[in-house]
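Consider the two complexes below, in which chain A is the common component and chain B and chain C are the respective partners.
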Partner chain A sequence: MSFDASAKRGGHAPDRQDRTFWGRLAGWGPYHTLMRLATASPRRQFLILAAFPILWVLTQHLGPMLQMLRVSLTDAYPVAPGVEQSFTLDNYARFFGDSIFWMPFFRTLTFAGVFTLCTLLITYPVAYFLARHVSRRNQMLFLLLLLIPFWVGEIVRTYAIMILLGNTGAVNLVLKTLGLIDRPIPFMYTSFSMGVGIVYLTALYMLLPLYSALEKLPQSMNEAAADLGAGAWTRFRRISLPLTIEGISSGCTLVFLISTGFYATPVLLGGPSTTVFAETIAGFFHVAGDEWPTGAAFATIMFAAALVITAAFQKLMGALRKGDRK
Partner chain B sequence: MTKLILNRRRFLGTASITGAALASPAYLRRAMAQSGGEVNIWTYNDFVPEAFREQFESETGIKVNVRLVDDQGKQFNLLAAEQPNPTVDIMTVAGHRFLQFIQSDLLAPLDTDRLSNWSNINPTFSESDWSTINGNKWGVPILSGMEVLSYNTEVVSEEEAMTWDTLFSQEYANQTAYIIQDMFSIIMLKMGYDGNMVEYMDDPEKAAAIVEEAKNFLIEKKPLVRKYYDSGAEFQQMMVNQDIVLGHSWNGPAAALINDGFPLGMTIPREGSYGFVYTFNIANNAPNSENAYTFLDALLASPEIGAAMTKASGFISTYKGASEYLTDLERKSTVFPDEQLANLQFFRAEANEMKYSLVDPAVEAVKAA
Partner chain C sequence: MNDRPELFRGNRIFLACIYWSFVLYVFVPLILMVLMGFKDSKFIGFPIRSWTLEWYVGVFADAEILSTFGYSVAIAILSTLISIFVGTWLAVLLEGRKFWGRTIIFGLAVLPALVPGIISAIAFRIYARWLGIEPGMGAIVWAHAVHNVPFVVLVVMARLSTLPRSQIEAARDLGADPLISFIRITLPYLVPAILGASIFCLLLSFDDFVRSFFLGGYEPTLPVLIFAMLRSGMSPEINAIATVALILTAVVGIWAERFTRRMNKDS
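And then the complex of A and B:
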């Protein structure tokens, strides 16, 4: 447009070399035709916009899982020279046929459930304080402070827990200095140390949905309830909790799913009686057996179980929401 | 502790540079014929001395790409997935895992005639029975290790550490740790059986009964153990934090702690234990096979390089005369009395398929119990 205008004004038109790459591209005939065809209808525009995310999800998210599913149905992987790969359900039968695998499986689901509940109980008051009692101006600052530990990776934070809870760690040192103990308390390599680690690592995934839900809660509802004589507990039970159930549902789902898949943290912080299913699965991938198909089948079983539990949980939450509306 | 580690690193750096400088003439001559390129190595941390690597690169023009690994099985899976076009030239296989790699066509036979420095390896390692399979050599022995009983000398006496029973005693309950997979072999040996299971290759029922007995023993003793661990670093961390005072370990990580000045001792208990040898192996269809041979020959050029590998890793060098380049403390941490060495035998691979088909589920059972 400016090109024509400047020409009409009598100024000299910029030659092709003066134009930017994008300017030259826009004026290029084939490109122009392609863009006209691509944006000819809203439907085409939608398809073009959706193509990249769909491709991303298919190749980066579903692709590896489908590959894992495929490996779980084979009798050999990686395939050694001279060996013919065939399909089988034996890897799944191995799980259901041998009860020794059930203990770490159910232990993992139990741990994930308990740690999710602990994370909810710990982070809800924090999110409530942040959303309801910190001025809007300072909320971002507080959020930033809460996010600082998440700037470093899972392993580093797990080692931080080890430094805290070890026999010569900070907690035992403080207790000893205060004269409360003579010998260090063996916190490490127990379900307690593993729980502390997992709650610490997943807290953010619970905190953010809760904060988001609590922030939207209208202050006027609580004030009206208080005016009508409702106490703090009643206001929480009848107003805050039902109206934040979506945040609770999202946070719990995220934390539960992440907890079922933790590997490094249980390995580093757990003890002989806290073996989780991820360790069993890892054993098939890299210990002497080198049995990828079995590991893949066990991973698929855990994935399916986590999905079923999550779906049931979501249904329960949905029913609670409907019940509240009635 | 930090200070000790820093001091040790500084010392190692100086020692390695000195060692490599002394060793250099042996491979400078070969370097003249080289035309650069690269060599890709999968190995454990500290197995390729940094000073040697730098000098090798500058003098041969061959870039050394090291990918760190921490497990034999992972290497096997990676290599199996990459064949027949692997990205690796040299990997680090323990002698008792040879067979699995060879049977899967993952290793190339080693042409020792192309290694002019082959004779610098102690024949105990280069010519022993495990090193020759199907009439071929398959790897260059570089470091030797063994399963030992390590103990905090301020808490546990040497006499107590001369038996594996102490590891399962009530006195040190919840102050012990072991690698459960490895412990099966040791428990079988302690019970008077062949932990390699070679003796029972024709009697699978007996083999199963022995593994069952070992499994029941470990389940019974489970309440006494603080941790089943996987890596040497975990063991070191637990010792330093005083979470444990006694544990089964590989001698390498234990020796590294001793060299750091930690009050640690190690024994080969009287019931016996197992040793293993790490070897550098050339992958089948290695993309830079010629460079791999150049690297291996340079690595074997002098005992100082072997000593530098021992200093960094804590494992025992397979090179002739390497111990002459170690300090008294380093020598102490890598040398065992003859009467203890008499209790040592090497891991063997012949019965591995049967052994691990029994031991792997048993390990899961112990963990689940």
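And then the complex of A and C:
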């Protein structure tokens, strides 16, 4: 325990010297006065502690989002000298006016939803196996094995998928060697290759919440159900699923939000028929400045839509959980 | 672990198959990518008939690539220092203290982690412009720092919640002021969490593409360089660069995992 350790360490000579340093600091006039002023009242002490972090989150965390919203409502940004900037809703109107914009928008949301579902279906059994069928001692090892690839960056892993699925890639080579195909299947630059890549990138964010939810599940429940004659499917549906709905809900929310934000992966793995909204938004920032407000408006629409969907999803999951308790 | 394995034997075998398939899914692409970096041909694709180290020699001889490595590492270190400072302060404010608006501040503290990548990148780009920060190293460091703060907050808060309050009270009884009791008791207790969070931030920053891409100047970070090279075609040289990056991140990650585990056990 840390308590014992520090108490023991306190008895050694070097620390005593150290203590005199702190003691001397505490007794040093200017420091003493400063401290007395700072801690004169609990209220003042709290203000000193809270001022910087609160200022930080307001200016650095909230600031960029608010500034994006503000820019999305103007007609020009960055403003050229001598030009009046004025309020407008045109940037939002532009989105609804052209199918070239809302097609990728709905595609992104559909893709994100489908990929989230795929991630859930793939990682649930993996998390289940880890939490229920691996001994405690090995659990960390098995989990760590899965964590290793996830420390590798987005671009490197996207590239790895490109090599795997290319026309001369490993999958096509295996299929060809087995004699199943004679011409390579064009996996790349389709929604399939994009799905493989995005599920690869997001799986961990689903796996960890699921794992921690499943780990808390008491094994006795499953045994009792089995003794009462419940089959594997019934046990899953009536016990594991309802009790891990919180993990499912947070995992899906996280993966959905992350999936909507990918830019490099769709660019590298997708094709012209799978353009996502991130590419549309990015397009406005590669050109001259006056397109920034439109890009900002589109990003705001995207973020709002993603938030509304995840909020609705969480509400649904919450209702499911309550309904189950009855 | 099952006390009565015979009950769930069939499930177990089925689930084990899924687990190991998943392991293959996450490892095989990376292994293939590493192998391809040793291929003695400019053409990416299987099968590999002859092998070479020439691509690696090329990477380590290329001053531009090496300086990109250094640039990425420098950005990672600087942004991590800021994130740790701010994140720890936020965690100390938020943990175990009730005040009006605490939930709002907590929500804002974790907000950057929840904003989808592209949206966060362009919000930062607009804000940097507004603040007058030119695209380049400063802008990237700032964006990475803000983006990584939530992870520090969550990790440090989790550790703080297990801090024995009696130690602080004892120190205060012995006459330590809040600052000294923080430096001498709270901070040492937080070291494992801070180290763990630092490594996580370093890796997040080193691996980040979208923020570096939108906030970068002419000098690319490593992921941006790989992306730019990929747009002009695949080549084993990219594999060699990516492999070096992969080894760097995986080694740091594994080391950090073991290190923080040991520190957590010790305390």
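Keep in mind that, in the parts below, the second predicted complex is superposed on the first by the 265 of 326 C-alpha atoms of A that agree within 3 Å, B and C clash if a C-alpha of one lies under 4 Å from a C-alpha of the other, contacts with A are read in each partner's own complex, and residues count from 1 in each chain.
Please note the rule applied: contacts are C-beta pairs under 8 Å (C-beta built on N, C-alpha and C of every residue); 3 or more make two chains touch, one makes a residue touch a chain.
What you see is a predicted model; the values in this text were computed from it and never measured.
Chemist: Evaluate whether chain B and chain C can sit on chain A together after superposition, giving fit or clash.
Modeler: clash
Chemist: Quick one: classify A:A160 as touching chain B (first), chain C (second), both or neither.
Modeler: In the superposition, A:A160 contacts chain C only.
Chemist: Looking at A:M103 after the superposition, I want to know if it touches chain B, chain C, both of them or none. Which is it: first, second, both, neither?
Modeler: Only chain B; A:M103 stays clear of chain C.
Chemist: Who does A:S135 touch here: chain B (first), chain C (second), both, or neither?
Modeler: The answer is second: A:S135 touches chain C but not chain B.
Chemist: Please work out whether A:T275 is in contact with chain B alone, chain C alone, both, or neither, and reply first, second, both or neither.
Modeler: first
Chemist: Classify the contacts of A:A306 with the two partner chains as first (chain B alone), second (chain C alone), both, or neither.
Modeler: Once the two structures are laid over each other on A, A:A306 reaches chain C alone.
Chemist: Let me test your reading of the model: by the given contact rule, A:V57 touches which partner, first (chain B), second (chain C), both or neither?
Modeler: In the superposed model, A:V57 contacts chain C only, not chain B.
Chemist: Using the superposition described at the top, determine whether chain B or chain C touches more residues of chain A.
Modeler: C
Chemist: Between chain B (first) and chain C (second), which, if any, makes contact with A:F285: first, second, both or neither?
Modeler: In the superposition, A:F285 touches chain B and chain C alike.
Chemist: After overlaying the two complexes on chain A, where does the chain B footprint on chain A coincide with the chain C footprint?
Modeler: 78, 162, 166-169, 268, 285, 292
Chemist: In the complex of these two chains, what residues of chain A are touching chain B?
Modeler: 78, 80-82, 98, 100-104, 162, 166-169, 184, 186, 188-189, 267-268, 271-273, 275, 279-280, 283, 285-290, 292
Chemist: Enumerate the contact residues on chain B facing chain A in the complex.
Modeler: Per the touch definition, chain B meets chain A at residues 71, 73-74, 76-77, 80-81, 83-84, 100, 103-105, 174, 181, 222, 225-228, 230, 234, 237, 241-243, 352, 356-357, 359-361, 363-365, 367-369.
Chemist: Tell me, which parts of chain C touch chain A in their complex?
Modeler: 1-4, 7-8, 10-12, 15-16, 18-19, 22-23, 25-30, 32-33, 36, 43-47, 86, 89-90, 92-93, 99, 105, 108-109, 111-112, 114-127, 129-130, 146, 149, 164, 167, 175-180, 183-185, 188-189, 203, 206-210, 213-214, 223, 226-227, 230, 234, 238-239, 242, 245-246, 249-250, 252-254, 257, 261, 266-267
Chemist: For a test of understanding, state which residues of chain A touch chain C in their complex under the given definition.
Modeler: Those in contact with chain C are residues 1-3, 5-6, 22, 25-26, 35, 39, 45-46, 49-50, 52-54, 56-58, 60-65, 67-68, 71, 77-78, 122-123, 125-126, 128-130, 132-136, 140, 142, 144-157, 159-164, 166-170, 173, 200, 203, 219, 222-223, 226, 232, 257-264, 268, 278, 281-282, 285, 292, 295-296, 299, 302-303, 306.
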